[in-house]
Structure formats: structure tokens, C-alpha cells
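In this document, chain identifiers A, B, C and D correspond to the written order of the chains, with residue numbering beginning at 1 in each.
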């Protein structure tokens, strides 16, 4: 049902993205969905109000190559995905080291369907006089 | 209305707010509600302020900043918490990055409910805060704030009602 | 070589009502690099939306942002309606348009006031916010709340407007029009406004497009993109043409928003005059299943909702890409080369809404 | 072309300010101020509690019937008013004043 969706693999992701940019596609955003044993990483592009999406099925544990070298605007959303899903992203133009949105003490990878238990001992009531 | 003996200067910090309370707070300062009539002045520097207006709940990153702003204010000082998020987290209470109201980090003097509170309610809140500030200046201990809990309970309903 | 220094800007800053943190690398007074750091108002709304059912989510997403709240709910509801294959009654589409445009008026006036405050034009700040009260009151009369309207629901809207209320809307629009006539020519021709805004924070059309700028930021650089052109809600029947400027500086962004103020009045009037009669909502049946990307135009630009349902009451995934999130990358292209004193004006010229950005 | 027009108009018109604590404005009809319940008609079904997006309402049937609203959590959306089967919930126009 997703408009103009095309499957890509980890190998041809960068070439697919690079081939769209000269055609006048504008990077809209990325979405990451936790499917249980894998992630769906969706790259949304737009041209003349038509949405076009690349779908990358990424098994859990694999790294995600960054497209921020091609599309700078992707750097923020890639950092966000890294924070919220705990996916390792390689080749980020600006790397916030997992602290783009979440601070110390916040739960790690909270948007996973089964998020890991909080590891930081002081997660509850951490800000006391902090 | 309690007569304000002093001009409370206000510093505003947006914690986890959705902006609704912030713009209603700013609306209080603009011509229609004009809190400056009471000598309320919005300042940017916490060291100039007597009243800290907080909007939104607390998360892991801004708790430290909020505490920092509060600590910089000279004593005596009062805290006004605007909106339901500051009291309990409001609609965001179940979020992973929200650990409840502002009272977990700061002692709060006045809770103003509403989502967002109306400017009239905010003015009421600031007037109440100023009264508490006056008490603190005189060295009195103002009465403890009522915990924002179960404000309305018609529980004593006779049985056999349909 | 000039000495480099790093200056933190925010999170508690007198100019910004919201906590945005920028690390500015300066050579003397000139910014050479800017690095944003956000997360001060991250709540985790997307996760919470998976725990509430899809009807309740309409109220939740509305609280993504208190400034464009109605349009958030509208985008969400349009997405769910597409998944449920619901046909929204025409009157509901027109009412949605009316409230959307009222939100745009209030948002642009709010922004104008904050910008004026940032460059020290207190009088303009007060005038803009006084005009804004008119439209906020109008929202209260029509929808029952000043900011969080809570009027958009899956399948339509929750409250109908009587003929008297529609007449009151038209009357208010005339009143606003008179106020704009007072205000807007003055702002556009004012010497000090031009001094502060012309040539400041310029980005070219190419950069704006590459970096994915949306809304008035893109339109001020000559990218004629306004999602209302696609004719969602009732926009297709009202004759909508986007406002475009080509300069790409702060002044052009202001010009776009000021022209849009008039355009909003025009759209509200047109929608009220053409308002069809009939029901205002249909009851949603079934549960959303499948994926859909729903987009609309907010005052700050295009907002993107990705919705994934699994056939149950709860959504599998809800992702919100808000306009300010998209406009941060262009902002980073605007800041290098400007002077430190211009930073607040440039930051405000993209109309940042941090609470949207971080959700 | 200056603010002169606006200045003169402001000089000779009433101040825009609402003199709030001294003059209370009548709330607009239809304003959502705060939630009220008619306990006589309530059947304690709990639908409002289940539908409330902010979980501000708690209803219990046992051991004793009670209906509780946390006013400091209610987001005043009015959804409970719509779903109430007995229509015993209403929206009052005046806002809830801080304690």
C-alpha cells in the first residue's frame, strides 16, 4: 500500500540513492520499523509531490551504511535511528555517539518492540540534584 | 484579588512542553492580558528573577538544565508549574523519556492545570505565586502545596442509583 | 589567522521560547560552523502512540506541537482514513480547511512577534500578538479551545459550525484584514527591519532543495513547493497558488509568511462561502492495516506521517517527520559566514518548533 | 508610511487589554473549561476511563462505586463527554482555577 515502494539491499543502497538525486528527487526522511527479527529502513524521496520509497530489509545486528555523504539532510535522521533503535550506522557525516536525542540515564533503544532493560543503575530518579 | 506588594520578575523555562503553555504564557505578557500591569516582567536571566515558570514535564536531559536555572535564582524564589504536564506528565505520562512532573526536581509552589491553561488561569497562578513570594520574603513558611491529586470525587454517592 | 572560539547558544536563551542548543564555532565575530544539539524536549511520543488506540492517538499527536496542533491531527487522521478507506464528508473537509488556515494565521503572527522581539522591535511584537488574539478567540468560539482544538477525529470533525458562527468567522477575517493592512506595509518598508533582515542568512535555491528545505524556507529560495497544491482537504476546490520569493534571505522568508497571512484570510473566506451542507463525520469501521505516508502543509512546511497498522486497534509504528526537523539541515547551511549577533534572527527565520522536532 | 495610522487608532480607541482580575469575561458558549459529572445518572460503566487519552479518569465498581477525575491530568479534550452512554458527563465553560 506504500506509494512507489522499491526494495533495495545493503549493497546497492548507495547506488540507488545516488541514482535518484540527479533525477530531481528530494530527500524527505527515513523511517525505521522494528519487525521483530529485522528492521525495515525506508528512505522516502519526493519529486513533484510524488513520494518514492526505497525499502531496505536489515537483519538485526547488521550495520546500516550511512547515506549522509550523498544527502546531508539524512544525517540527523540517521543519528535519531541510531539512538532510538540501537542500529550501528557507519560513515555518518556528524556522529553524536548515540546522544543525539537521548541523554545519559534515558533508556537505550526505546523504540524497539522489546527494548532492553535499563542498564544505567540510576535511571529512576536520576536527576535528583543532578 | 490579592494586592501585589512587589513586582515579581519572571523567568521562563520550557522543559518538555509542546509549546501550548509557552505561547499562552507569552500571551499573558502581550496587550490582551498584559501581566505587566501587575509589575510582572519577563526576563531572560535567571539571576534577575523571583518566579520561575516551568512548562512541560521533565526528561533525562533537561532536568539538569532546569535545576541549574533554579539554583541560579536568588532566594527567596517561587516556582509556578504551568499545564498538566508539569503536574503529572499529562497525556505524556507513559512516555519512556518522561519521568513525571516538575515536582520531582524542584519544589513547586503553584500548579496551574489546563492543557494549555487559559491566560486567566496563568494570571491567577502568578498572583498566587506572588503572594507566596511575599510570605517567603517576610520569613513565613507558606502552607504546603496541595498535591495535585483527585481534585473531584463524588464518591459518596448513595447506593441504588441508576 | 583569527582566533577560534566555541560559543554555546541555548538551551535557555532569552530569545528562544524553546530550548535549542547550538554549538557555534566562531572566528572573531563570524560564525564558521554550527552544530545543533537537541533532545531537551524529547518525550517519546512515537512509542506512546503504539500503546494507545488509533482514535486516542488523534489527541496525542495533536500535542506534538501546540502551535500547529490541528494540522498534526489532520495529517494523522487523513493517514488513518486512507488506511481504513474512509470517505470524509465534504463539509468536514471544508471545516478542516478553515481550522487549518486559522492555525496558520495564528502561527505566522506568533512567529512575526517573536522575530520582532529577536531584533528588538517591541512595538511590532505587541501589535502582532494583539492581532493574534483575534484569531485565537475565533478558534475558541468555533472549536471551544484556544490552542488545542481537539476537533479533528478519524472520519471527520467533532463539531459543526452554525451559520452565525460562520458569519462571525467572516467578520473576524475582515477585522484581521484591516489590522494586517496597518501592520504589514509598515514592516515591509521599515528601514531597521530591512537593515536586520536583508541579505542575512541567504541560501540558494540549489542548497535549499538539496538539503530538503520545506515550507516558507524553501519557498523563499524559489522552490515552489507547497503541499496544499495537491488539494488535500478542500484546498483543491479553493484555487490555491503557493507564494514564492527568490531572494532566499531572512527578509524573503518574512515576505513569504506575510503574503501567506493574506492568503490564509482568502482561503478561510473562500472555504466559508463555499461551505457545503451535510454530515460532519463518518464513524470509522474496522482497524487500520497496512502502511501509508500522509503529508500535509503546516505553517512551517511539509509534515510527514508514516503510519503502519497491523489490523489491530493499536498502530504498529507511527513516525512523525516535522518541518523543523527538515529545516535544521538548511539552517546549518545558513549560519556559517554570518555574524554572532545575527544568529538569533537567522534561527528564528526558519520558525523553529523544537517540540515538533523532538516529539 | 509608518505606524501613524495604527498609533492614532490606538490613541483614540479603548485599550485592547482585558482587565482580567477586575472584570471577568463571560466564557464563550461552547468553550471547553472543565469536566463535570452528574453522579445521579452515572452507571459507573468505566467507558470514559477506558477511552480517556490521558488516563485522567478512574472508575471503580467494587468495593464501592466511585468516579474520580484527576484535574491535574485531564487534557480537556471532551472525548469522554462524547462516549458517555448516559450523557452524564458535561463540559463546563469556566476554567479550572489553580489551587
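The rule is short, and it goes like this: contacts are C-beta pairs under 8 Å (C-beta built on N, C-alpha and C of every residue); 3 or more make two chains touch, one makes a residue touch a chain.
The shown structure was predicted, so the numbers you read here are calculated from the model rather than taken from an experiment.
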Chain whose average C-alpha position is farthest from subunit B's own: A
Between B-C and A-B, the pair with more C-beta contacts: B-C
Chain centre separation in whole Å, for subunit D relative to subunit A (CA means): 40
Inter-chain centre distance, subunit A versus subunit B - centres from mean C-alpha coordinates, in Å: 37
Intercentroid distance (Cα basis), subunit C paired with subunit B, Å: 27
Distance from subunit C to subunit A - Cα centre to Cα centre, in angstrom: 24
Of all residues in subunit C, the ones touching two or more other chains: 39, 42, 44, 47, 59-60, 63, 130, 133, 148
Per-residue overlap in subunit D, given as positions that touch at least 2 other chains: 16, 53-54, 75-77
Shared-contact residues (touching 2 or more other chains) in subunit A: 102-103, 110
Chain contact graph, described as a line, ring, star, complete graph or other shape: other
Touching pairs - complete list by chain label: A-B, A-C, B-C, B-D, C-D
Subunit B residues touching subunit D - in the complex, by the definition given at the top: 1, 31-34, 37, 84, 87-91, 93-94, 110-115, 117-121, 123-125, 127-128, 145-146, 148-155, 157, 159, 161-162
Sites on subunit A touched by subunit B in the complex: 102-107, 110, 115, 124-130
Touch list for subunit D against partner subunit B, complex: 15-18, 20-22, 24-25, 37, 39-40, 42-43, 53-55, 64-77, 95-99
Touching residues on subunit A, where the partner in the complex is subunit C: 1-3, 26-29, 31-34, 42, 44, 49, 51, 53, 71-73, 75-77, 94, 96, 99-103, 110-111
Subunit C - residues contacting subunit D, complex: 52, 55-57, 59-60, 63, 123, 127, 130, 133, 137, 140-141, 144-145, 148, 150, 158-159, 182-183, 185-186, 189
